[in-house]
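Both complexes below contain subunit A, partnered by subunit B and then by subunit C.
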Partner chain A sequence: MIKKLLVLLIVLATAWVGLLAIAELPPYGMPDNPVHNQVSERYINDALEETRAMNMVTAIVLDYRAYDTMFETIVLFTAALAVVITLKTDKKELGDGEEEGGR
Partner chain B sequence: MRDFILKRVAAVILPFVCVYGFYVIFHGHISAGGSFAGGIIVGLSYIAFSTIYGIKKGRAKMPDKVLTWAESFGTLWYGIMGMVGISRGVPFLANKLAGVDLGVPGALFSGGLIFYIGLGVGIRVASTMITIFFTLMEDDRENAA
Partner chain C sequence: MKTLLEKLIVNYPYFFAMVLFSIGVMTVLTRSNLFKKLLGINIMGSAGYILFIAAGNIRGGTDPILHQSDPGTVYVNPLPSALMLTGIVVSVSVTAFALSLIIRLYKEYGTTDARRIARMRNEVTKSDSSDRG
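== the complex of A and B ==
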């Protein structure tokens, strides 16, 4: 019982700290938020000139953040690899297993 | 699913779906969409085909060799495109810095390397979807048989 109360206290304290941090956040969508810094300004003003791609999202994904996207494709590769390793049953191997089961 | 209406409708629609997927991949830097969305659409056309016509016919449309090749070559193609920057003495995956001809905004061959990188990513996404689906589907059928 004491242990449960202690756990509850710790959880509430952690939640309180988290809520304090959230209360310090700037209001959502205000123009002078720290999110709207020189990075997004640079993208909006110079993306067309620097990449000559009309779709700014593609310009960011495949040019400014190309390194990130490269490893995104490796994540896809890993996903396919995991599925194939887990589920692919070799025909020959399967036949052998059935034979052994028969014996 | 061996429904007559479904088969006929799929025969009319699915080729256009596949072509539309490649359109989205190739026009990723001009209009909405991009290589990820286009790759999903191309993969979906094959997935729908194998769902409606059966996995055997689906596998005949996309041979294992082609699938393995696309699966392995997509990321490698990305790396090769990155090496263009290194060969010109600028950072990996550089586009404008590498001195690639960027073209006019709005033209199909604009944006320098973005077009080619997008093609690699699109093939990659499509082959991943098809591989995962074929693997899952095949296992099911083997268990049933």
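== the complex of A and C ==
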């Protein structure tokens, strides 16, 4: 219980620092925020001419940042491989144990 | 103090993202069940997604799909949505791998409680050292 209170205090202190940072961010939802710079302007204005995609998110994911998407599939493949290896060795060991038990 | 509160009310999506992140950190630090720890990590990830998507939003803007009938529409920033798609894929991969590790741990120790697993490991190492002694 004391440990939980200590953790709560630490988390609240961290959250307080985060809230101080959030208060200094540019106001939410304004069109002249620094997030909406020339990069997103280029995507919004030229995506149709450059990629022939109606959906700008699709244009970014599959055309402007196609390498990102390609190596993302490698991340997914590696994760699937790791899951299969982790669970497969377990089954094999279990099978060996059963064989030894059978003998 | 009042100005800080006013700024937080203006930036309320970021505020909720911070609250969600704190909930995730609390879950990871206080729960001993490994599944709940993993849930806390996923909640922290969702807070990050909310922060980024909210940063790309514009009040009164439409979704970034071209509407040719209306040339004067304001579109929200499509870049954070595309980047968060990548983040979600990484999060799913990490979750899948962590779940498989938890299944291995459960088969090894018969429990998903991190404290109990640590106690069992301690007992094993103690008995090992006493055997050597």
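Note that in this section the second predicted complex is superposed on the first by the 77 of 103 C-alpha atoms of A that agree within 3 Å, B and C clash if a C-alpha of one lies under 4 Å from a C-alpha of the other, contacts with A are read in each partner's own complex, and residues count from 1 in each chain.
Keep this in mind: contacts are C-beta pairs under 8 Å (C-beta built on N, C-alpha and C of every residue); 3 or more make two chains touch, one makes a residue touch a chain.
If you're wondering where the values come from, they're calculated on a predicted model, not measured in any experiment.
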Q: Check subunit A with both subunit B and subunit C modelled on it and let me know: fit or clash.
A: fit
Q. What is the contact status of A:22 with respect to subunit B (first) and subunit C (second): first, second, both, or neither?
A. second
Q.
Tell me the contact category for A:83 with respect to subunit B and subunit C: first, second, both or neither.
A. both
Q) Of the partners subunit B and subunit C, which touch A:57 in the superposed model: first, second, both, neither? A) both
Q) Just subunit B (first), just subunit C (second), both, or neither: which does A:70 touch? A) first
Q: May I ask you to name which of subunit B and subunit C touches more residues of subunit A?
A: C
Q) First (subunit B), second (subunit C), both or neither: which does A:48 touch? A) both
Q) Given the touch rule stated above, what does A:4 touch, subunit B (first), subunit C (second), both, or neither? A) second
Q) Of the two partner chains, subunit B (first) and subunit C (second), which one does A:40 touch, if any: first, second, both, or neither? A) second
Q. Measuring by CA atoms in the overlay, how small does the subunit B-subunit C distance get, in Å?
A. 9
Q | Footprint overlap on subunit A, where subunit B in one structure and subunit C in the other make contact | A | 48, 54-55, 57, 59, 61, 69, 76, 79-80, 83, 87, 94
Q. Which part of subunit C faces subunit A closely enough to touch in the complex?
A. 4, 7-8, 10-15, 18-19, 21-22, 25-26, 29-30, 54-59, 61, 64-66, 74-75, 77-82, 85-86, 89-90, 92-94, 96-97, 99-101, 103-104, 107
**Q.** subunit A residues within the subunit B interface of the complex
**A.** 48, 50-55, 57-59, 61-63, 66-67, 69-70, 73-74, 76-77, 79-80, 83-84, 87-89, 94
(Q) Can you tell me which positions in subunit B touch subunit A when the two form their complex? (A) 28-35, 71, 74-75, 78-79, 82, 92-93, 95-96, 102-106, 110-114, 117-118, 120-121, 124-125, 127-128, 131-132, 135-136, 138-139, 142
**Q.** Complex contacts: residues of subunit A adjacent to subunit C
**A.** 4, 7-8, 11-12, 14-15, 18-20, 22-25, 27-31, 33, 35-36, 39-40, 43-44, 47-48, 54-57, 59-61, 65, 68-69, 72, 75-76, 78-80, 82-83, 86-87, 90, 94
